[in-house]
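In the two complexes that follow, subunit A is the common piece, with subunit B as its partner first and subunit C second.
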Partner chain A sequence: MNLRNYLNKIKPNFQEGGKLHAFESIFDGFETFLYVPNRTSTSGVNIHDAIDSKRIMSMVVIALLPAMLFGMYNVGYQNYLAAGTLATASLFEVFLFGFLAVLPKILVSYIVGLGIEFAWAQWKHEEIQEGYLVSGIIIPLIIPVTTPLWMLALACAFAVIFCKEIFGGTGMNIFNVAVGARMFLFFSYSSKMTGDAVWVAQESILGLGNNLPDGFTMATPLSQIGQGILPNTSIYNMVTGLIPGSIGETSVIAIGIGAFILLWTGIASWKTMSSVFFGGVVMALIFKTLGMTPIAWYEHLILGGFCFGAVFMATDPVTSARTETGKYIYGFMIGAMAIIVRVMNPGYPEGMMLAIFFGNMFAPLIDYCVVNQNVSRRVNRLKK
Partner chain B sequence: MALFSKQNKEIFCNPLNLDNPIMVQVLGICSSLAVTSLLKPAIVMGLAVTIITAFSNVIIAAIRNTIPNRIRIIVQLVVVAALVTIVSQILKAVAYDVSVQLSVYVGLIITNCILMGRLEAFAMTNKPWPSFLDGVGNGLGYALILVIVGALREFVGRGSLLGFQLIPQSAYDAGYMNNGMMTMSAMALILLGCVIWVHRAYFYKEK
Partner chain C sequence: MVNVVKLRKGLNINLKGKAIQKKVTIELPSEIGLVPAAFEGVVPKVVVNEGDSVKVGDALFVNKAFPEIKFASPVSGKVTKVVRGDRRKVLCVKVQVANEQQYVDFGIKDLSKLNGEDVKRDLLDAGLFGYINQLPYAISTNPKVHPEAIFVSALRDMPLASDFEVELEGNEEAFQVGLSALSKIAKVHLGIGPNQSNRSLTEAADVEVTIYDGPCPAGNVGVQINHTRPITKGEVIWTIDPTTVIFIGRLFLTGKVDLRKVVAVAGSEVNNPCYVNTIVGAPFSALLKGQIKETAHVRIINGNPLVGHKSCMTDYIGGHTSEVTVIPEGDDVNEMLGWISPRLSNFSVSHSYFTWLLGKKKEYCLDARIKGGERHMIMSGEYDKVLPMDIYAEYLIKAIIAGNIDRQEQLGIYEVSPEDFALAEFVDSSKMPLQKIVRDGLNTLRKENA
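Now for the complex of A and B:
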């Protein structure tokens, strides 16, 4: 309990009149992150869950770790594979290269996003909101590894301000912050976010990795399909994730571990998650039957950002539908929409981001309809 | 009444700031999103709206007592339509490329809510001179926002202003890129929101 005692000792500095009062919200943020606060509401009747939202967020971050670690390894793997030196490199070297390539992105994302959150909280005299803990790690995982850091910083700032703070902060936002950041990058700097030249780290870091020749390109399986070529990747690679793609989205196994953690702890709703997959399957089967897509339905699910979006982003409790029936509709809409965009829009090889944005937009309407449906059903029951 | 009395000054100055047609009344949003991807069309559009608002205000104010109340909207529309046609023809003759960029939006000035709003709310009940000031003020208030948004969008979206490249090639070589989203009208709406946000933060103190 030394840490607790230490926190208690320095606490007066941050309170009203203390010399470090300007950093009160930061202290408060760290304190409540480390220890569950004993504050309770002073008015009205409230239901308290056993864990508070900071603990929930930490759990999601833990669930994201497998995808992140595998993503780091895959960044190294793709670089060494492209240079043809994979056989001579040790596993550790490959991972370390990927780690060094991804780490700056995670740092930039957290520093920019949390910086704005802290400043905002201090300015408004509010508590620091915990939502960015998760967004800050999702954002680096859903961008290509070659994204310049300044673009990432800009996107994080844009997403935090325009997708979250202006709506009133965590819990009030309509749109998922991570999707907002990716949307911003996609529409602002599309040449750095799609195409064949962005998926493999091109420069060596601290002597690790390989410098790839200028103009090196490597298409993702989905963009190959978009160009009308059948991808030559094996199902094994698609499932393990040893394919080019955004940093954290490639491995179905790593995302599966995360999904298991989220479902086991009850943080993500299995209704949303399963209906996203169901929607994807239905739509992929329809397109396959119509002959509009060359790949099988299960390949649609394991390629691109479908799994990552379904597990970590569609299930965001704030932006998804909140009614139980609504979750099914919401999930189905996202899954179906993702495949529709993929297959029918030649400009976008991947549609998960747009589908989640679309789903977020409709979530309040879905909830409204479900609630009204319930109300009218009960009114009818009363009349009989 | 003196030409530049205090009252007239207010009529002219209010629409520039505290009664701005875009920022406060939130009128004319459609055209301000559509024509602001470059600064030049934004300026031309702002001027066109200013001229048309001013002169339609004057004409309507001059004949306001002779207009039968029941057909006043039609009379107003005829005046506005005539002015819009004149401006559109002049634009085609003088600055053809800009008129192509503005395309339908010059013609659509006729449906601009600011115009009809000023005619109905001001010109119908005021003398020509104050109506003229009111029209110029509202037109300039509209143009002001168009220029702010247009300048931001062209600078960030294309690195230039009025077609002159401002961001040097060396910056692009160092990795800077133009923001493609700025050239979309979605971003214009966000920028417009920011302009309104800043304006409210400065001029509307919560009581």
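Now for the complex of A and C:
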């Protein structure tokens, strides 16, 4: 209660005419973070459900935690494995190294993204929107561990401003913010985003980890396939995620836990999620039958960013299709497109990012067609 | 053979303080107030002066757009005050109740000899016609347009809503006469719930009875119309609340206007939730005397918590008020870290809370907090889960916000009324004021089409 009294005491400073009025949105953001706002309704329903967008976004962040924690461990694991010192390192050491390698990226992502978000909210005299809480953790998880922090900062700034704020904020954007950031990095600094040299942390941090020799390379299984080599990774490693790749997207198990949380709380649509997988399976089977891909359909699903994209990014309610029928079409399109890009485009070993980008682009059209069926039913009734 | 329409979508909110089926009679208040705002879409023109004497059935005000639509005084006595607000808007016409009630005699009619026009004329004369609402626009109707059909929903299933069967007791004959009178004008559809067993409902004559079996808002007349006889542009359907049917029946039975009604007093902050025999225009103070647990931090609602509006002790029972509810205001509640704490006492349809674990029998004591900030529409499919209509709610709301009238028509705005969006507004995680958006959209549309 003392905290509440303190907030009440300092609140006038942030209101219209107060000397700290320039920080009103930030104060409001923190106040509503600490306490459920007790503003009561003035029109419409007198009672409200306890759910709000803060709760929803928090649940998504919680769902992302397993993938993030495992990603940290895997960053350490890959470094120690490459240096050949894995046997002598403790689990804690391995995790701590990964933690120290990933933490700056998460901090940079949040500081840059939320900084812009706060400033924008203040400028527009709006409340701070929670959408970036999720984007801010997804972005560090879908980039290679060696991405320089300044690139990440640039990408976050680009994505927040040009994928979200100029459209009017969370709920109005056409493209997924995290996909926007990944696309920016991919097309601006493609040598740092793909290839063999980027997937394993190369330098030791605070005495932990190992300095790897200059020119050390380690391909991901998908880029090996792209080069025409059959990957030598076991299915076990693909599922647990002990393979090189973007920080958070290697472990199917960790992503699976996240998927369970999202589906159970109803925040992600099972229709979207399952049809992404269905689309992927269908396309992978077609290519396998045609002999165009060397690996089995299930390997396509568990490699690369497929699972992560299907669970956390394709299901973004704002940028995905909003109608129930549309969700099936949208999901199927993304799953199929991801595999098509993988198999048929020699330039890109992974296709999930592009597939979601295309999916986002087509979602309004898909919805338009679905809604228009309802419209034409009404028009026909009028004619009778 | 009674038709049954099964509805799956919707949500029952189990609130604390439901009225028990016990009728309490309160004496006629010393002063009543007839509130024009209770009749949606009516711009009132007062036709009495302060100091005039009126009988029961004399007009107090008329609809400015259609002066033949009068609004009858529920009591006889002396007009004490015409209360006006900003820009001289009429807020209320107050009448001091005389000791002896005198009635205007409209004459007992033989229904079998009347046709639709006669019934309309009698309702207009007696000042009851304005109680009839219509779709599209969900407003008080006018006599110029002939309705395609008439819908009466005897099912009130909003949280804490009054049970019509309680009111029906002793009014069975008037209810049936009212239905028969209306059936002279157009085909009458009576919607009831699966648990309503009163034979005056299930075996009502001159009407088509349909059972709507499903969670709230199955009782919404808009939902019933959407499933039984969808409305198209250019058509008008009358929607009449069952209490008004009783008023109409009494007029033809006795030749008098009799606006006595039964109102539920309910809610978690009410000492003895019950039904009260009272009259249109009775002050809340008479109804709620000694009933409210504490006076600070409570909200008195004229109606039920979903569609009623915030009110106060000095308000009056409106023409369509079927319950008065009292819930905690909640402005003194400070819940910490709502985004992560379990909040077991809160109700939510989201599985990020534990309502689903606590069973359907648990009664909740919800307050009037919004419990979150307003955002743009983020989650998809939330509205559709609680709106059992062939309507794409999100797209309709977006079309209304965008002011795109063509699109609104295409998406079926003529079929909806604000109350249909009440549950959607309740579950909305973006906390958008949907009922207000729909009402504003309907008002704009009405002006455009006028």
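Here is the rule we use: the second predicted complex is superposed on the first by the 359 of 384 C-alpha atoms of A that agree within 3 Å, B and C clash if a C-alpha of one lies under 4 Å from a C-alpha of the other, contacts with A are read in each partner's own complex, and residues count from 1 in each chain.
FYI, a residue touches a chain if its C-beta (ideal position, glycine included) is under 8 Å from a C-beta of that chain, and two chains touch if they have at least 3 such contacts.
Since we're looking at a predicted model, the values are computed, not measured.
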First, second, both or neither for A:188, with subunit B first and subunit C second: first
Partner chain(s) touched by A:16 [first = subunit B, second = subunit C, both, neither]: neither
Touched partner set for A:45, first subunit B, second subunit C, both or neither: second
Contact breadth on subunit A, by residue count: subunit C or subunit B: C
A:214 touches, of subunit B and subunit C: first, second, both or neither? neither
Partner chain in contact with A:148 - subunit B first, subunit C second, else both or neither: first
Residues of subunit A that touch subunit C when the two form their complex: 1, 4, 32-59, 127, 129, 131, 168-172, 264-267, 269, 317-318, 320-324, 367, 371, 374-375, 377-379, 381-382
Of subunit B, residues touching subunit A in the complex: 175, 177, 179-182, 184, 186, 190
Touching residues on subunit C, where the partner in the complex is subunit A: 13, 15, 159, 230, 232-233, 299, 301, 305-310, 327, 329-340, 343, 346-353, 366-381, 384, 390-392, 394-395, 410-412, 418, 422, 425-431, 433-436
Subunit A - residues contacting subunit B, complex: 148, 150-151, 162, 184, 187-192
